[in-house]
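We call the chains A, B and C, going by the order they appear; numbering starts again at 1 in every chain.
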Amino acid sequence: MLEIRNLVVDIEDKRILNGLDLTVNTGEVAAIMGPNGSGKSTLSYVIAGKEDYTVVDGEILLDGESILELEPFERAAKGVFLAFQYPLEIPGVGTMTFLKAALNAQRKARGEAELTTPDLMRRVKAAATKLAIDPEMLKRPLNVGFSGGEKKRMEILQMALLEPSLCILDETDSGLDIDALKIVADGVNALRAPDRSSLVITHYQRLLDYIVPDTVHVMANGRVVRSGGKELAIELEANGYADYRQQAA
Amino acid sequence: MPAVQETVERVKAIDVDQYKYGFETIIETDKAPKGLSEEIVRFISAKKGEPAWMTEWRLDAYQRWLTMREPKWARVDYPPIDYQDAYYYAAPKRLAGPETLDDVDPEILKTYEKLGIPLREQEILAGVKTSRVAVDAVFDSVSVATTFKAELAKAGVIFCPISEAIREHPELVKKYLGSVVPVTDNFFATLNSAVFTDGSFVYVPPGVRCPMELSTYFRINERNTGQFERTLIIADKGSYVSYLEGCTAPQRDENQLHAAVVELIALDDAEIKYSTVQNWYPGDAQGRGGIFNFVTKRGDCRGARSKISWTQVETGSAITWKYPSCILRGDGSSGEFYSIAISNGRQQVDSGTKMIHLGKNTASRIISKGIAAGRSDNTYRGLVSAHRKASGARNFTNCDSLLIGDGCGAHTVPYIESKNASAVFEHEATTSKISDDQMFYCLQRGLSSEEAVALIVNGFVKDVLQQLPMEFAVEAQKLISISLEGSVG
Amino acid sequence: MTAELSIIRTAAETELIERFSHVRPVLPGDGVVKRLRDEAFALFTASGLPHRRIEEWKYTDLRAFMRDAPPLALKPEGEAAARLLGQAPPLGDLATPQLTFANGHLVAAPSDLAGIEIVPLADALASGHPLTARMAGLEIARGNTALALNTAFMADGAIVHVRREAGAARLELRFVNGAAQSFATSPRLFIVVDDGAELDLVETHQGPDGLAYQVNSAVEIVAGAAARVSHVRVNDEGLGALAVSTLTVALGAGTDFKSFALTKGASVARHQIFLGCAGENATIALGGATMLRGRQHADTTLLLDHAVPHCTSRELFKTVVDDEAVGVFQGKIIVRPHAQKSDGRMMSAALLLSEGGTMNNKPELEIFADDVQCAHGATCGALDDDLLFYLMARGLPRPEAEALMVEAFLGEPLEFVVRDDVRDALAGLAATWLSERR
């Protein structure tokens, strides 16, 4: 379970998050919506532990434990997974190599046995098939020369393999056409589980047609300003963010 | 890259400043008196049982060396070397020409075992490795063992210590020694010509594809000793040989000089692939000790359509000064240079290549990856030149530098000279760092900082690693990670 | 064993030393200026003329090229001056306020430009104008022998001070050379552009073919914070000339600096640019187009010093070599420790049009900071045969097809030129050069 209390975050002395409160229960899929610049991506980076952000105040608890002092890789080992809005290219590093390195690093941190290469291959191929990822892509360097849609699918593939307890999807729908969006959404839905929480960050309601959230939170001016059920997303689609912008200003 | 995980463990297991090969072997040694003189040159020649022409050749080199000065153009900085304060000959005592490995001092065999180089053929055969490698092991000034000689001889391949070649194959040595790197080529090459003690000799007869990888493993053990090895490889018409070279030395707080000369000759349609994993002791974090690696390596594509390919992984030495080069003399010949040079601590690297296009339709390719960390300096220096008659010459050069931390320097100094309109030269160079975003991405997937750096760097150098024979590639990959140990906070 | 060889001076070096001792008492300026000259000349006496063993002069052996040191040019008077100035300017009439130099001596200058102070250098040195104290100030240029010789012998030129109130100021520096006998000249310009001021500067050099004269010119530019300076230089010297020129540039924070050099003249030309970023966020664009034929030798050498963070530089130099000419490009980008976020990109491309031409390229990076983006590239080759064939298949005769391709090749760096009329005139010069190809 993720619990965020009164989170205040600066980047280079500029306040981005301003007393944010948010609770995501175990097994719940929560959507975070909000206008551009409301601090949605910052929230995802701060949970994952990106360096450039200064946490001025507040607390982030994962299963009751604070994770603020942990390094990003320690958070990852605890089950935090961030699907990046803009996945990074790593030239020369084969996709399989990367997957194996990441998976085994996390397994080791959790005291689990490492996967053998054939075992890994089986798992990767199974996951890749579901996401309609061409096996040839797995032979190429990670994300290098991938299209926007391919990169996003690769993020979901990693998510499926790493089996996190908290999935954060940062604008995963951006740059996807409708077919790719469906594939990605199916991938995410397949990972729904009673012991796994998800935080789906999006600007548009469209994604939520495919990944139906349990709760919807609206962010503005670095805070959650309204929470509700999935019907809130539909209301936002109809009325836009104008009300919240004014509220923010 | 299956070895990444292993690399990462290796990195974790090692303390900062821990050079894996820093141990010393305690054996009795036969040494020449300290210092350099005509007597010492004669002493070395006599020890090797050399014919008079070889002694004269050395003495001539020594006389010329006396008139020369150390080159100062490289971007390296070191205190003056006292050439009289070193031993120029050191050999393990129990070595009156060992007939079999049983005659070799068991301590030496243990040393090579510890270094992961088995010298007993049956051990190699019993080992897990599927491909076999013939090894010439050079310990300080002498070759202590050469494996698989008999099997190679069946194919007509000569693979032996150069001192043996001087005695057994004088016609080949006379014809080719000094024909690529002339005696007076440069200060260090001239010094080597006077005092070289051992090294490997390879001759591959016409049309023969050498049945196995050949390898020389160099080890400096003695204190205050310089190592001056000499390697001569001749690939006759239509032949092929792949040769590997590895080097280590004990950890000491003094600087030791290593001034080798390597000459390669490829005749018509022949190909030589020469790979180096250089891991001499680099000195400690404060820059104390370490090997001065001043090496002259040059290949002569003498024949039409011949090919010489240099691949180097340079991680060791306090100072590296080497430019494995190709003279593209034969029409249609080609040269390649693939390099990974890693510097950390206070290491200084000034390395690169020369591609000299003389013949028609010659081609060369240079891929250089420099990685600087700590307080080190890493310079690529290269020359590509097309002479008047080199119509249709082609070169492609790519030099990338990666800086890790803000205390180091990475420099690129290419010289590109064309005297032929139909020569096409392309050169590109970039300098960058590992981006914060890339690092964060890896960390988010659960890799630690060091694991992430190792992974990204291995990706950065992949184009070059792929050029190495398989066994070496895995070893080199581990070495890269170890060399960057302590480079991230 | 390794006895130091005693220095053997060439005839030119000996003549220079004698000349300096003769003219030193009569050269303008005393005190500070005399010391500046003496220090500069001491650099020369210690090292002599730069030669091929000096790394920066590896491809341009000035000691070998400079066989003698002809006498210093006197200021042309009367009819001789009028004849000189009657030559057609390389870029035509640009309708721009003009400082005119005859054999290196200032003979005409505008006097009534708002916000711009122009002082003849001889007067400024003699009277101890306050700005003279800031001359020869760029550290990275200090060890350069050619610039030092200019400093030692500088007799005329101008100090130009552009203030903010000048608005978008334009100036032309027109250097015209010519005489019956061989001569040497060392004009010096010191240009200060105040914080926030703007200057567009065009500098042309011309002279007659068939006369072996020597020009060693220097232009120093000091630009204040947020200044904008664009500079165009044309070398249309006579084909017997030895033309060494130095441009030093010191940039303040947030300045925008552009410089473009077209080189087609002189028997031996060396243009050197030393540029230092003293303030953050400067933007630099340097370009060049060099066209050589016969046995011409032209060298462009630049040293770019990213000494402070956040500066961006772009360099694009093109060289076309015909006949038995020799082109040289040496470019070095230095990024000092802590100059993070420096962004430097340098490209040199050369086209060899003939069997006998030579191009020497040496692009260098010297990087001491990790968070930087630096790259350089260099290419060298002939015209693309496939493209040439394509054009000829479309009906263009070979010379025209070649000219079209060369023009396209040279055109790219011309984008660095701000003024449309100047860019057109430069393109015209290139076109003329091409039409003169045999």
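Simple rule for what comes next: a residue touches a chain if its C-beta (ideal position, glycine included) is under 8 Å from a C-beta of that chain, and two chains touch if they have at least 3 such contacts.
Chain labels with UniProt names: A = ABC transporter ATP-binding protein; B = Fe-S cluster assembly protein SufB; C = Fe-S cluster assembly protein SufD.
Keep in mind the model is a prediction, meaning the values are calculated, not measured.
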If we look at chain A and chain C, which chains touch each of them? B
Comparing chain centres built from Cα atoms against the global Cα centre, which chain wins on proximity? B
Work out the mean Cα position per chain and let me know which chain is farthest from chain A. C
Please tell me the distance, in whole Å, between the geometric centres of chain A and chain C computed from their C-alpha atoms. 56
For chain B paired with chain C, centre-to-centre distance based on mean C-alpha positions, whole Å: 44
Round to the nearest whole Å and give the separation of the Cα centres of chain A and chain B. 48
Touching chain B in the complex: which residues of chain C? 1-2, 55, 337-338, 340, 350, 352-382
Counting only contacts in the complex, chain B reaches chain C at residues 66-67, 69, 73, 388, 401, 403-433
Where on chain A does chain B make contact in their complex? 48-52, 71-73, 75-77, 80-82, 84, 87-94, 97-98, 100-106, 109, 114, 117, 141, 158, 162
Complex contact set, residues of chain B against chain A: 1-2, 4-5, 8, 435-438, 440-449, 451, 455-456, 458-463
